[in-house]
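Notes for the one structure printed next.
Labels A, B, C, D and E are assigned to the chains in the order they are written; within every chain, residues are numbered from 1.
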Amino acid sequence: QDTVEAVRSRGVLRIPGILNEDPYFNKDPRTGEWRGFAVEMARDIASTLGVKLEVVESSWPNSILDVQSGKADLAFGITATPQRALSVAFSAPTYFNSFVIVSPNPELAKLSWAELNDPKYTFAVDMGSSQDLISQQYLPKAKVLRFKSRDEAIVAVVSGKAVGLVNTMLNGLVMTKKTDAIGRVMVPQPVLSTPSVVAMNYGTDEKWKAFISAWAEYNRRIGNNQTWIVKSLEPFGITLDDMPEGVGFGG
Amino acid sequence: MSVASPAAADTILEARGIAKSFGQLPVLKGIDLALTAGEVVSIIGPSGSGKSTFIRCMNMLERPDAGEIRFRGRRVGARFADHGAEIGQGTLRRHVGMVFQHFNLFPHRTVLQNVTEGPTVVLGQSQKEAEAVAMDYLAQVGLADKRDAWPAQLSGGQKQRVAIARALAMQPDALLLDEVTSALDPELVGEVLGVVRRLADQGMTMAIVTHEISFAAEVSDRVVFMEGGVIAAEGSPQEICREPRHERLKAFLARFNA
Amino acid sequence: MYSWSFFPIFQASDLFLWGLWVTVVYTFGSIVLGLVLGLALCFCRLSGNRALDWVAQGFQELFRCTPLLVQLLWFYYALPLLLGIDIDNHVAAMATLSLYAAAFYAEIFRGGILSIAKGQSEAGAAIGMSKAQIMRRIVLPQASRRMLPAFINQSVIQFKNTSLISVISVADLAYMASVVNGQTYRPLESYTAVAVLYFVILFPLTRLADYIERRLRVSE
Amino acid sequence: MYSWSFFPIFQASDLFLWGLWVTVVYTFGSIVLGLVLGLALCFCRLSGNRALDWVAQGFQELFRCTPLLVQLLWFYYALPLLLGIDIDNHVAAMATLSLYAAAFYAEIFRGGILSIAKGQSEAGAAIGMSKAQIMRRIVLPQASRRMLPAFINQSVIQFKNTSLISVISVADLAYMASVVNGQTYRPLESYTAVAVLYFVILFPLTRLADYIERRLRVSE
Amino acid sequence: MSVASPAAADTILEARGIAKSFGQLPVLKGIDLALTAGEVVSIIGPSGSGKSTFIRCMNMLERPDAGEIRFRGRRVGARFADHGAEIGQGTLRRHVGMVFQHFNLFPHRTVLQNVTEGPTVVLGQSQKEAEAVAMDYLAQVGLADKRDAWPAQLSGGQKQRVAIARALAMQPDALLLDEVTSALDPELVGEVLGVVRRLADQGMTMAIVTHEISFAAEVSDRVVFMEGGVIAAEGSPQEICREPRHERLKAFLARFNA
């Protein structure tokens, strides 16, 4: 029995959802309702398959465990790297994510990644995330504080423990709208963007992988993915105009 | 070996060839002793001679390595319950009471509850019945007014008298006493010995381990002198305590008059 | 200078209280289960049966020598894979907490039982009580009194440990604090609120344990 | 079915070993500092001076009744704001761990000292020793023997607690596990590796504590 | 009040009007007692009469609520060190030894170390010097061969003899003994009483709390009968032990012949 059949006979498609990860995911703790563009994407896949969507609550590192351990069928918002590809299967890109610095210090605005790579700067990042990988690669000389969650990284910047934080464009935009003290989004040169993909169990059958990849490719090309993303940013008062010059999702 | 005992019909408790080692240390090397109904036997001897170990073997609190204990002619087995021709340790202990040097009262029970514990839990008496009997025995040891006290509120002598009442409430056929006055203030020794003396007068069958030589001489029908895990001398109080002939017995008794 | 503002915390007080309730339920549930299981473990240790003793001891060591955090992740993710079954995060949280508590409780129980003087068991035996009767009526009542302070202290630790179940997404107090963080970016205030809630519950318990311990020391 | 692969973990073994080293350093450092501070707290408790006693007790309760996680966050974020100074995460981690350990050690020390029979102090006093001499030569040597098992057990807990300093970004073993997770997406394997490392270090320690405890019980 | 004592010049230790309560319970109600050089005073009395409390006041292990202790005519103050005209408790205890009912040997020190602890730490003797003195006293109590044993390896009687040697090694002017045989097996009492008797013969000044009435009668120059926190009778052993006239003293002595 292949995965498509399995999901259909189960009647639900399961994905891991993460708390406080606007615009990807968020859950209303009072009603238990999920929102975010990753949820919208999953809902589209579910309706394509004619099943219902179930969100299993998780965290960034654990969402991989969820697909590896079969607690979920797909994990969204995953940055594909070759090393990670040895542990889970990845779909074609759903969109492209750019990496940014968020800082209250305007002096950083003009600096490139190479100039930021200096021991006099301390950056905060959430542990094990794709931005963590980016900072390991591009900011090896700078001081990097790694925290369990994005929120703690934000607090580190707000309380002056770090000059700024490294994160993705999407997260950065939301954070600056939520709290002024974090400063503003800056895009150091060169613009780094990595594909965001859907992760699946390593042993999944080819049919399922092909289906998910086809879904991702199609919706990225046709602009549906961008639409879902932009829609998820609306509640925060962010529009495409807020995006820095030369940055997009299409890759 | 036949189950019926060849000993006299009125033998209550009998030890035959009891031997016991702790690890490499042989403590008892074959001890025979029979308690006849109504008899009071005192066991004296130097510290470490095995008196406690022996008297504990008599009700199987210590399992002998060799030899056997017989109660009213029936062999006591290794199990708690009766098993075939052998009687169980539970049965033995129900009929043979024991009083310890350190009282071992149950600190979480009142005086009365200490005494009724055995009759209600082991003999299945009703609470009311057990309390009536218990009050009887508490009165006998002069502690009826302490019925609701906690053990911690009693003096050593009072504790020991409660412990005796607790043993008596099981209405045992024989009583084993292991240095019941050694842990007491000298002043309080008298009150406990008084109770034991009265029990002897009433005809209770008893084995008494004691260092109170003059008390032993006065109250016993027979005195046993243990040394090095064997019975070294045995006889009437007169023979053992007043006119000792055995050399080491003489030396032992001499130390008490230092 | 940081400007404190507890207003957003008050606004979210329903979440905090709900999280507190979940924490209490998991703590209490795992204490009860841990108690039962710990008693079983303790009897295995004291059974005199070598195999039972070793198995129980191995179990205890496993839980004593690894961080609870790692145990939670293991129980939720790895065990289902090994057994080929599905384990819900609520079940995993309760089970891990209970097993962890059991490992520590068993040691407390064992110490308590061993601390009861041999003379007590012998006095019970001397009036003809069976081993089970001695344990139930003589040893356990005394041991439980004596181990009560250690038991309460371990339960206080258990209460604090429950904060870790948020890593497998059970919505306890710590979880709610991060929810509120994410909404308000007031982590100092929300962690302060959490600390105060913990303190308000646990302080009386540690006082109680100290009080009982002092009273026992006097009475013995 | 999950396919296990420990290869990426072996590739990152330098990170794990470095993290282990950091964990050991923080554990050991906080044990030493906690010991010194715990002794001081314990003497405050036993000083007979009511004010000192209360302050020490209040301090202990504060640390006993709130989760270490919350304390770490507080020390790192809130205290610097309150004091208007900068506290490095390494300093905050070491300080919090040490204070936490001190609160628990003090209780162990106090119990150990109080457990030494009054007759021992009196025998010392009767040959003319001063209070300090009695404490140093008579009470502490006996108390330290007796509290060694509890001390080791608390230190095992301390070792496990050190895993929490990763929340303020100190690169301990748990931190390295998350870093490797992020790189390789092999969380089960990396958590397993962490569990094994903890177990390998802590198991001998708990055995040692049990052994000493058994020996003490026999000799007393 | 003048610092020079009006008592006889050879008074070593003197208690004047000692009173002491524990909480609401008055235990000592004004006790006077002087120990002259070379004198042996025995203190007897029922349990709870305050004997231990009083003898512990004599070397300030228990702080009296009222009254004073004088050592060689000098008042003992509340501090550890000497202070003005008053001598400190440290000085008092350096000159007045004490032996306890429960020995209180230091379990983490060998027999020899137990005895040298005071001389080296308090008197500042060299290790070698202290050991020589210690071996002397260990020989006196018959335990020279146990020098390297641990307290746990000794019998009760041996422990108590080491405790006496430990007190003697301080070369005290007087010795206080509180029921030094009460915790011993009856057989072992003799060896300890023997040591005490020899000390008395050698002219050691001693106050002895004891329940061994006949020993007290034999060894003492004076016997004091305490009851209810006061000295109820006092006199020669003959007057107190053999021909008691005081009513309660008679009742007390009678209990030992129960």
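As a convention for this text, a residue touches a chain if its C-beta (ideal position, glycine included) is under 8 Å from a C-beta of that chain, and two chains touch if they have at least 3 such contacts.
Note that the structure is a prediction, hence the values are computed from the model and not measured.
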Set of chains whose contacts include both subunit E and subunit A: D
Pair joined by more contacting C-beta pairs (B-C or A-D): A-D
Chain separated most widely from subunit C, comparing mean CA positions: E
Intercentroid distance (Cα basis), subunit D paired with subunit A, Å: 38
Rounded Å distance, subunit D centre to subunit E centre (Cα mean): 46
Subunit A and subunit B, separation of their C-alpha mean positions in angstrom: 82
Distance from subunit D to subunit C - Cα centre to Cα centre, in angstrom: 19
Junction residues of subunit A - those touching two or more other chains: 62, 65, 68-70, 152, 155, 159
Multi-chain contact sites of subunit E, meaning residues that touch two or more partners: none
Of all residues in subunit C, the ones touching two or more other chains: 2, 73, 77-78, 81, 187-188
Pairs of chains satisfying the touch condition: A-C, A-D, B-C, B-E, C-D, D-E
Contact set on subunit B toward subunit C in their complex: 59, 61, 80, 89-91, 93-94, 97-98, 100, 102, 104-108, 117-118, 121-123, 152, 163, 166-167, 170
Of all residues in subunit D, those that touch subunit C in their complex: 1-2, 61-62, 64-71, 73-74, 77-78, 81, 84, 114, 156, 160, 163, 174, 187-188, 191-192, 194-195, 198-199, 202-203, 206-207, 217
Interface residues, subunit C side, partner subunit A - complex: 2, 14-15, 73, 77-78, 80-81, 86, 89, 167-169, 171, 175-176, 178-179, 181-183, 185, 187-188
Subunit B partner contacts - residues on subunit C that touch it in the complex: 117, 119-120, 122-131, 133, 137-138, 141-142, 145, 219
Residues of subunit A touching subunit D in the complex: 61-62, 64-65, 68-70, 81, 83-84, 86-88, 124, 127-130, 132-133, 145-148, 152, 155-156, 159-161, 199, 202-203
